[in-house]
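You will see two complexes here that share chain A, one where it goes with chain B and one where it goes with chain C.
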Partner chain A sequence: MSESTHHEMWEKLNMDLEAHDGLLEVLGKFYGDIYLSQENRLKGAEYLDFVLSEVHGLRIKELQDAKAQGRKVVGTFCVFVPEEITLAADAIHVGLCAGAEAGSELAEQLVPRNTCALIKSFIGFKMAKLCPYIESSDMIVGETTCDGKKKAYEAFNEIAPTYVMEVPQTKSEAARDLWKSEVLRYMKAVEELTGVTITAEKLKEGIKVINGKRRALQRLTRLRAASPAPISGRDALLVNQISFYDDPVRFTAKINELCDELEARIETGDGVAPADTPRLMLSGCPMAVPNWKLPYVVESSGAVIVGEESCIGTRNSRDLVDESGETLEAMIDAIADRYMKIDCACFTPNQERLDNITSLAKDLKADGVIHYSLLFCQPYSHESMKVDKALQVEGIPMLSIETDYSMEDVEQLKTRIEAFVETLA
Partner chain B sequence: MSESTHHEMWEKLNMDLEAHDGLLEVLGKFYGDIYLSQENRLKGAEYLDFVLSEVHGLRIKELQDAKAQGRKVVGTFCVFVPEEITLAADAIHVGLCAGAEAGSELAEQLVPRNTCALIKSFIGFKMAKLCPYIESSDMIVGETTCDGKKKAYEAFNEIAPTYVMEVPQTKSEAARDLWKSEVLRYMKAVEELTGVTITAEKLKEGIKVINGKRRALQRLTRLRAASPAPISGRDALLVNQISFYDDPVRFTAKINELCDELEARIETGDGVAPADTPRLMLSGCPMAVPNWKLPYVVESSGAVIVGEESCIGTRNSRDLVDESGETLEAMIDAIADRYMKIDCACFTPNQERLDNITSLAKDLKADGVIHYSLLFCQPYSHESMKVDKALQVEGIPMLSIETDYSMEDVEQLKTRIEAFVETLA
Partner chain C sequence: MIAGLDIGSRSIELVTLIDGVVAEARKLPTTFDPVSQCFKLLDGLRPASLVGTGYGRNLIQRLGLDCECSTITEIKAHALGAAHLFPEARTVLDIGGQDTKAMSLAGGRVLKFEMNDRCAAGTGKFLEYTAGVFQIPVEEFGPYAMKGENPPEISSICTVFAETEATSLMARGERPEAIALGLHKAIVKRTANMLRRVGLNFPLVFTGGVANNPCVLDLLAKSVGGEIGRDILVPDNPDHMGALGAALHRHHGNAADAR
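Moving on to the complex of A and B:
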């Protein structure tokens, strides 16, 4: 990642320059090893490499420039925060840093040691002054999807004021009412933040833009059903990761270009791995940048990843907001309905997720599934057992992995995954 | 616990007689060591000893007799299930088994290993056929208070059909609406189960009975402010534990008698420990029968326990339902409001709990607080850090304990607690 030209900006953001330089250096090397070493990579990956290299640089500069022009930045941790509404208020919607151990030890001053790596990471990034997105955010939005995050936001709120949306735990009518009221409350909060009144016209445009992003990601998902696999799982994950950071219109155009290239590849039977390479789908907890450990291990173990059933994956792109509404009320209803379709493990029951996983695995012609839970993530650990049963019924083998962000278990993971891949070959 | 006369009943309940006899034997010995060894115990403790000795015996026979007369039994795991409503439908409301490791290994077939001991216990009790309350229940009611329980009920539902109430996660107006709709849904479910139509008159009576139980427990709490402590923490915990099992009218009368005895003791300056004994309050996760490990260790370490801030403690008795309502609608509102006052760690924010803990500690003249979290209980582990800070402001020292149901850490706990008690003396 480029460092030299952005120091002044980072300093203004009150970041720890020395530690941040160190982080970028490590990440740059890590990225080189995991991404730049790939063979037969897509031309469209240049976009991914560039965005990633400037994810703390040029993109932050764009945010700062937008802020200078009076626009606001909303930072989020979860796919439940309705991006359509943020956009409708001319604000910028970004994901916040997580996915690395940076600052995690500091985080244990605020949350228990037995907290998942993702939560410790976002707190650690803030405490260690390493996340330019947090420092650029005019509003930080949390949500009540799991006990860990719900309670961590209370502590986080003391160092970074956090607006919390209540996500219900069932899909009853009353739960949907609660969620709709939360969507409306969010809309008011964003209007207050930005001073912009959200009109039907603006919201319609926001819906269109975000649906466009989702359609591009859906297209990518569909193309990955081809054999040989036309794109590596690592690059596809990166696409999904970048979808949380880059400008949505630019991102959509670039991903559609990348999909054009994939279509051409598929036509000529070109791929990133031979057609007989075992095809695996990942399922479970989200992998935030730069959490590439598991995909790297999998794709270094003789398999290729053909899908990611996760919030940083199909969960965030599968459902569109109905675009037929013309009034603000109708659009809010459509937004509430779309988000209530999310099959997060926070819901009970959550049969939808099991159905979605089995049908996605079949659509993508996956030979097996690796279920990934972060240590201490109770919702996904519980569902791991149910996913396994559902896949067994379909005759699809599953390997359950529980890990965190440390590199200590890489060899052990590699051994287990290689053994799993061998059974599929 | 008496065994001989109830075998036929337990057999009809399809329990594992041999394993259950073994459990009762162990518990009997455990109870003898922890309870019967106490000095200067109250006369009223005879009631506690008797109920406990017959908790799987005569009390189950009462349930069976009531069932034979057409009454229904509702089994619950949480203080959020409105007992008033159960009673208004002429049904019996009981807590279900948890609090021991019995069957916990079996439970790991259904829930992840990293699940708290309480959850593994209730699943284990069912799988090992050791809980006559589960086997007597016509309806089992769970709730969404924590990720662990919420997801465990999905697996539990496969072996014991479980009705789940959605408890909201904030105290907003919309959350209260959701909760009220859940209270109404529960009322309908109980009416359907029992065939009884809940009238205003019946609900008024249910509210009166359960408020009576709460008033008796409040009285007990107040009397424990006296010095020397007139009752041991172990016995007071047992009172709270029994409140989930025994008939509420009988329980209320017996606890009021016990409070009369306490008042007489206080008048004469009699107590269970010298007046200069360090006074500790317990705070945190509920301790279900027979989870007496921590109180025993504390009271064997030169301290006396003067209060339990827990669901099996003040959380379940502090708030009354407003009795002024005359219509069903008004009473349902009063019930919804009362339950929304519960300061469970499932809520965010949950400043009420911090305020309640500090004021209770002061009211009870506690010299210190022991915060008790079950391993892997995220809500209470997170709040432990906040409770510590809140108590520091008041100059009240706190010791944070994380443990489970195993006896392996008893010596280690004793060392830590003795050291803590020494700092208070």
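Moving on to the complex of A and C:
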């Protein structure tokens, strides 16, 4: 997608230029089909288009410029890594989860074939030298959220030094203590990396910036409760995806502008689809760029997506860090508490996720829910059954989809999703 | 005249309705040129409305006909067709060329459905392919298998692996009819599971091309414990149910559905 002027930069990053050109070409075409073809799109979407067209270009240039000035880049794979701490050390925090199949075959040299597409993708991206974010990262942070990832980081560590945070799997007192100690350990690691000492003042600023980003995303979530739906699910997903890459301050400003536009639209009753279009919520596994397959199929099947219960969605933005703490200690506690509220399927038991899904579906006036799990993802596949039961009690129909990043099942997905939409109409 | 066109992976069926009554029912193999097959089926007919269903349903937009065109999924189409012929139907099973679908109905509407994903394991394709291994036309494969006794367990419903299993069973000296029966049992086992997942209630209407296979029907009745003709109902032309349902959809004339 980007201009060839970036080639030199990519070369310096030791990327495979030919393979990368191929990836950008596919990505560009995909983006055109899925995004640019939409009708009645928002003006604010220009920002999304621009950021995405420069996702491997200008944004990487920004990172390189910052690095030249001595700042560090931290790449992460999960919403559990506290961004406010990264920021407090004046480092840049980027989400790395890759959403494309490229390199997946290579990944099978390091992880078993029966591994979820998300893991294969990030390993494959590194092995195939496709991702400028991985190559720009001074520190890559993994976490022990599921067995697949836990073991994958051991393998990944052989090709890219990886720091791993131990995320507990229950929400007990002991688990919270463990997590707090991990937050502190992470703070030390970031301080060591950057040579910056995190002060109360800096951390307060970090908390404010990241809360601001979350507030903008929360605002977007709330506006999507309007009928007719003011924004397509595809565009909203893109907003969520970009929140992991772009500069948080710029992102917050742009998304607030987008929300202003949405408010004006809602005011005039304008929407992306007629008011009687079935409203669906997506729930489940994260959808990293450019994993747009399911949203695209859903929105070409006569439905509109009004929310994402996902890490690239509300799980990333629902809870704020309490801003009242003044000391470093109080702020670390507030951060630990906020992150312990994340309802990843990796927790046991995990009743709060079920409660959050049903209340979100009701708030967004969703007519149905599509539960999305990646093939071989144990945590989310298990929970899909529980989610189905919980939604049944509320009278909200659910369709469970299990898929990966390949395109071979698109026709079957279309049939299932259209049939689901027919049952709602 | 309303026409329903069910463009499946293996065959295309056409049903026309005049004043809600079936006027015409035609069928052709899909081939690699489904568009011309559609034209052949429509030859001499000038429907006012055409409803497409099945895997290739969107092809009807490409026919360039000057009639009103719309589509519904085969899941809805089979449910509509089944509920029309058997208003008391509670569950529908459709085994077609490359998909198996199970739906539970309430008042003629689909409540819940299940469908195989990606591979064609345990579908009509499976029977067609394995019949080929026995060098028997697929239409005769069911009656052939019914002659089998003491079927060996076939553990795979993957078309390719099942062939491997069948050939190694043959090499071990198992009777071919028994192996054929084992293959049928493998399909039915998987189908029964799918039916249970949507909540099997009788009467069950069995549609799609595979409903013509007496061995599958017989094994299904044994497996889910129902009586053929009372609990398990098979329409006269089970493979035309999708096309019938599609035409009925327009006949019921739900304007909102024309979206």
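Please note the rule applied: the second predicted complex is superposed on the first by the 423 of 425 C-alpha atoms of A that agree within 3 Å, B and C clash if a C-alpha of one lies under 4 Å from a C-alpha of the other, contacts with A are read in each partner's own complex, and residues count from 1 in each chain.
Assume contacts are C-beta pairs under 8 Å (C-beta built on N, C-alpha and C of every residue); 3 or more make two chains touch, one makes a residue touch a chain.
Since we're looking at a predicted model, the values are computed, not measured.
Look at A:T423: by the touch rule set out above, it reaches chain C but stays clear of chain B.
After superposition on the shared chain, chain A has more residues touched by B, the comparison being chain B against chain C. By the touch criterion defined above, A:T194 reaches neither chain B nor chain C. Touch criterion met: A:Y153 reaches chain B, while chain C stays clear of it.
Touch criterion not met for A:S232: it reaches neither chain B nor chain C. Listed in rising order, the residues of chain B touching chain A in the complex are 110-112, 114-115, 144, 146-148, 150-155, 164, 166, 168-170, 172, 174-175, 177-178, 181-182, 345-346, 348-350, 375-376, 378-379, 381-386. Residues of chain A touching chain C in their complex: 276, 302, 402-403, 408-409, 411-412, 415-416, 418-420, 422-423, 425. In the complex of the two chains, the chain C residues touching chain A come out as 55, 72-76, 99, 109-111, 113, 115-118, 256-257, 259.
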